[in-house]
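Each of the two complexes below includes chain A, the first together with chain B, the second together with chain C.
On to the complex of A and B.
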């Protein structure tokens, strides 16, 4: 899976969890702002992603991660 | 204050009575021997147990580390800083430092690397103890720009090499796990360094949200006295389990999840992830009896309970509501834990069946939520304190429970309301043995808060006839209206508690946008809507509640805001940075007027 494909997949999963149209979401979007979610809710999204990719992402890896692009980099390193 | 203070309620002599000790190191040293076969530490990563240590095992590890510190030249008064998330190594390292008579400098792991380096430059520690994920962010340290004798880094991946000492940086970088390899049997035991009560025990940076770093100097006497007064009211029993979730640099966690827990032979439980589902897993599966939380965590717990009830259906919701009312009536005078647990089993199972006490502090607690928790049978100890006064100044003694107050002064705390206005509201001043010795290298700021042995807390409140303290806000947040009235934003915010939005903060518009005439000095509420909702959806509710306020306290407009608000480690909104962000991003034209009638 390329980085772009991965980013697209993340957007799809985020859209599903927070009931948003994926066409509204872009790779460079700040997902906290765009989805209107807090850090606890972002953690829930991470759990979805971990299940999807069968990986574990420690909390500290997510410090400062706020866009789908940055998230893809973190996940790519683990799959 | 004589009759208004708490009466200590110990049923028997504590095994480690604080009066008998001169330093935290000495007290902990005895505790590690006293409770040797009890479990001291459990650490989990999600559902996997990573660490389980008895007091004896923990003592052995900490003493090896103390030996390493001794070899690095750490002795009386030397500073040892810790930048680590909540984990067992934090407590083991802290004990090792205190064993060597060092001054512990706990630094918030949630700060950015740059902020942490600012504090490290300010306190110039001899040794830094950190973990790899934090170390990665300390770029100046890696470049050798911060000089320390020894840097211990835990959990370094096997493919990473730590820097070698250079001419620029004389310090040694070493893996934490390597530092505890030397067996004290063969390498020699560490020498215990005694300290006096008046000596400094820690340097704690208070979460002041701006300006120069404020390093609070706290003595062994401050802590031993605090332990005596607090644990006399809320003693742990041997075998109790404290779940440590607030950062350990935070005064409450340091006292309840380190000093107090070990002094009583309790077990401290850590979870490496703070995801809500794993927090609940720990509470349910590991017999947690005590926890210190901030209001935001309480809110997450409430959501968990409500989700559970929703899953169970409407009938269960009605039954639980009925049982809640019965329990509330039966626990009006004091908590009856065993009864509440039986009555409200499905609710208690959600947060763990063994929970005895939730300590809540750090920020203003939502009264309705606190009352609901108590009525559901969870004893909440709402307290008030600040770093400058060690940990806690006042706490609710549950005789009876009061959700509207932060409790009565602890034994030994003299508390006065100074410069009170016509309503009895004034600044809280305290005099007690737990008051700090001053700010490091800052006599000016120290002189501003310490006057003739009294600490000016900067908090505004009043005492009710039964001696309970009520807080209304911070002096520095106080707004003086055009009409010359004093308004406390926290007081106004409390009116809007429970409005169905994510976050709500009140500012004077002139503070956010100085010099603009548009809204004059009116109060504005900055509101972040819940996901999928718009701020407009909650406007009717805001309007309705606004009208309940005295006219000079009413907000005149609402500003919709989309990002999560910046908060301190204790989850208070950082007002100044938020105002700055607003100023930079939106103009007053974005305000929705409330047309107060």
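On to the complex of A and C.
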């Protein structure tokens, strides 16, 4: 899976989790801002990602990660 | 003052008798000299001085007053024993509610954590956990198992009520300043809180019935520590477990490290403690922390089935098997309390608490 494909997949997962149209979401979007998510929802998204890709994502690796692009980089390193 | 369940198996909160002993300077001195190695020196002196300081000052004032007036001031008699009726089979409090449930094999107790936002453990929750411990100690109304669950959408329990702790600390410092005396008094009060929470948790841990925790969402810090008092954990896929205390300049103080070490070993303790990371249900299952992982929203239903199964066994046999397989790590629990109380007065803790309370981060549990 290329990084672009991975980013697209992340957007799909986030859209599904937070019931948003994926056409509203872009790779460079700040997903906290765009989706308006709190700490609980951020944790839910992290759990979804771990389940989807069958990986573990330590919370500290996500510090400062706020766009789908950056998230893709973190996940790519663990797949 | 609330009473704490005083079981032979659980370290009890300071009783009136304990306080009375501590209030007698000669008795306390003798006791301190006789057992110099039982408790680390720093903590021993902290609690000891805090108790004696007020008593000595008061005794001096009374003595001076008697001298000047020539009137003998009567000594206070023994305090009346504080008694609390054993809670009934159903309870509806501000943080907990419970009821006895008939199942196909017997009767189990269902305990619901329901304080929003996510069952933070402060003084209210502590008082009601003490009531639960009293009820369990008194036989739990004949229940043969217990299910502990949360109705908060966010999770099982997000840990200690740090806002309450921070507000209380700041209020105290603002009114009394930050003298050594104030800090000693704060340490003494924190010690009292921690003693009480340990007594309640230990009683739940050692209850002679099978206890099942149904976990979803946040199970962090003190909430994780509460979950670890249960015999069996059922987690749904949303569950996440963490010990984020190091980011506060603290270690977990409600018995979490000794219980996790007892159940899983020190490597898991170091992983979650030294990184502060949260682990999901799948990882928790892999390391043996949870016994079953179920789809989102199904943990309570599955936990009820585990409780029902537990009710099929002979009560005495279960009690003896539990006592054999789940010993209380008393020495480590005592050391953890000392370490926690020793750390609480640190400027690092105050700064970290302030940062947490004022934080708008989506991951406030990380530094």
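We take it that the second predicted complex is superposed on the first by the 79 of 79 C-alpha atoms of A that agree within 3 Å, B and C clash if a C-alpha of one lies under 4 Å from a C-alpha of the other, contacts with A are read in each partner's own complex, and residues count from 1 in each chain.
Definition applied: a residue touches a chain if its C-beta (ideal position, glycine included) is under 8 Å from a C-beta of that chain, and two chains touch if they have at least 3 such contacts.
Owing to the predicted nature of the structure, the values given are computational and were not obtained by experimental measurement.
Once the two complexes are laid over each other on the shared chain, residue contacts for A:47 go to chain B and to chain C alike.
Legend: residue contacts after superposition of the two complexes on their common chain; A:62 is shown touching chain C, with no touch to chain B. By the touch criterion defined above, A:19 lies against chain B but remains apart from chain C after alignment on the C-alpha atoms of chain A. Comparing chain B with chain C, more residues of chain A are touched by B. In the superposed model, A:32 lies in contact with both chain B and chain C.
Across the superposed pair, chain B and chain C both touch chain A at residues 32, 37-40, 43-44, 47, 56, 58-60, 63.
For chain B in complex with chain A, the touching residues are 46, 85, 133-134, 137, 272-277, 300, 502, 528-532, 562-564. In the complex of the two chains, the chain A residues touching chain C come out as 32, 37-40, 42-44, 47, 50-51, 56, 58-60, 62-63. Residues of chain A touching chain B in their complex: 18-19, 30, 32-33, 35-41, 43-44, 46-47, 56, 58-61, 63. Residues of chain C touching chain A in their complex: 118, 154-155, 217-218, 237-238, 240, 242, 275-283, 361-366.
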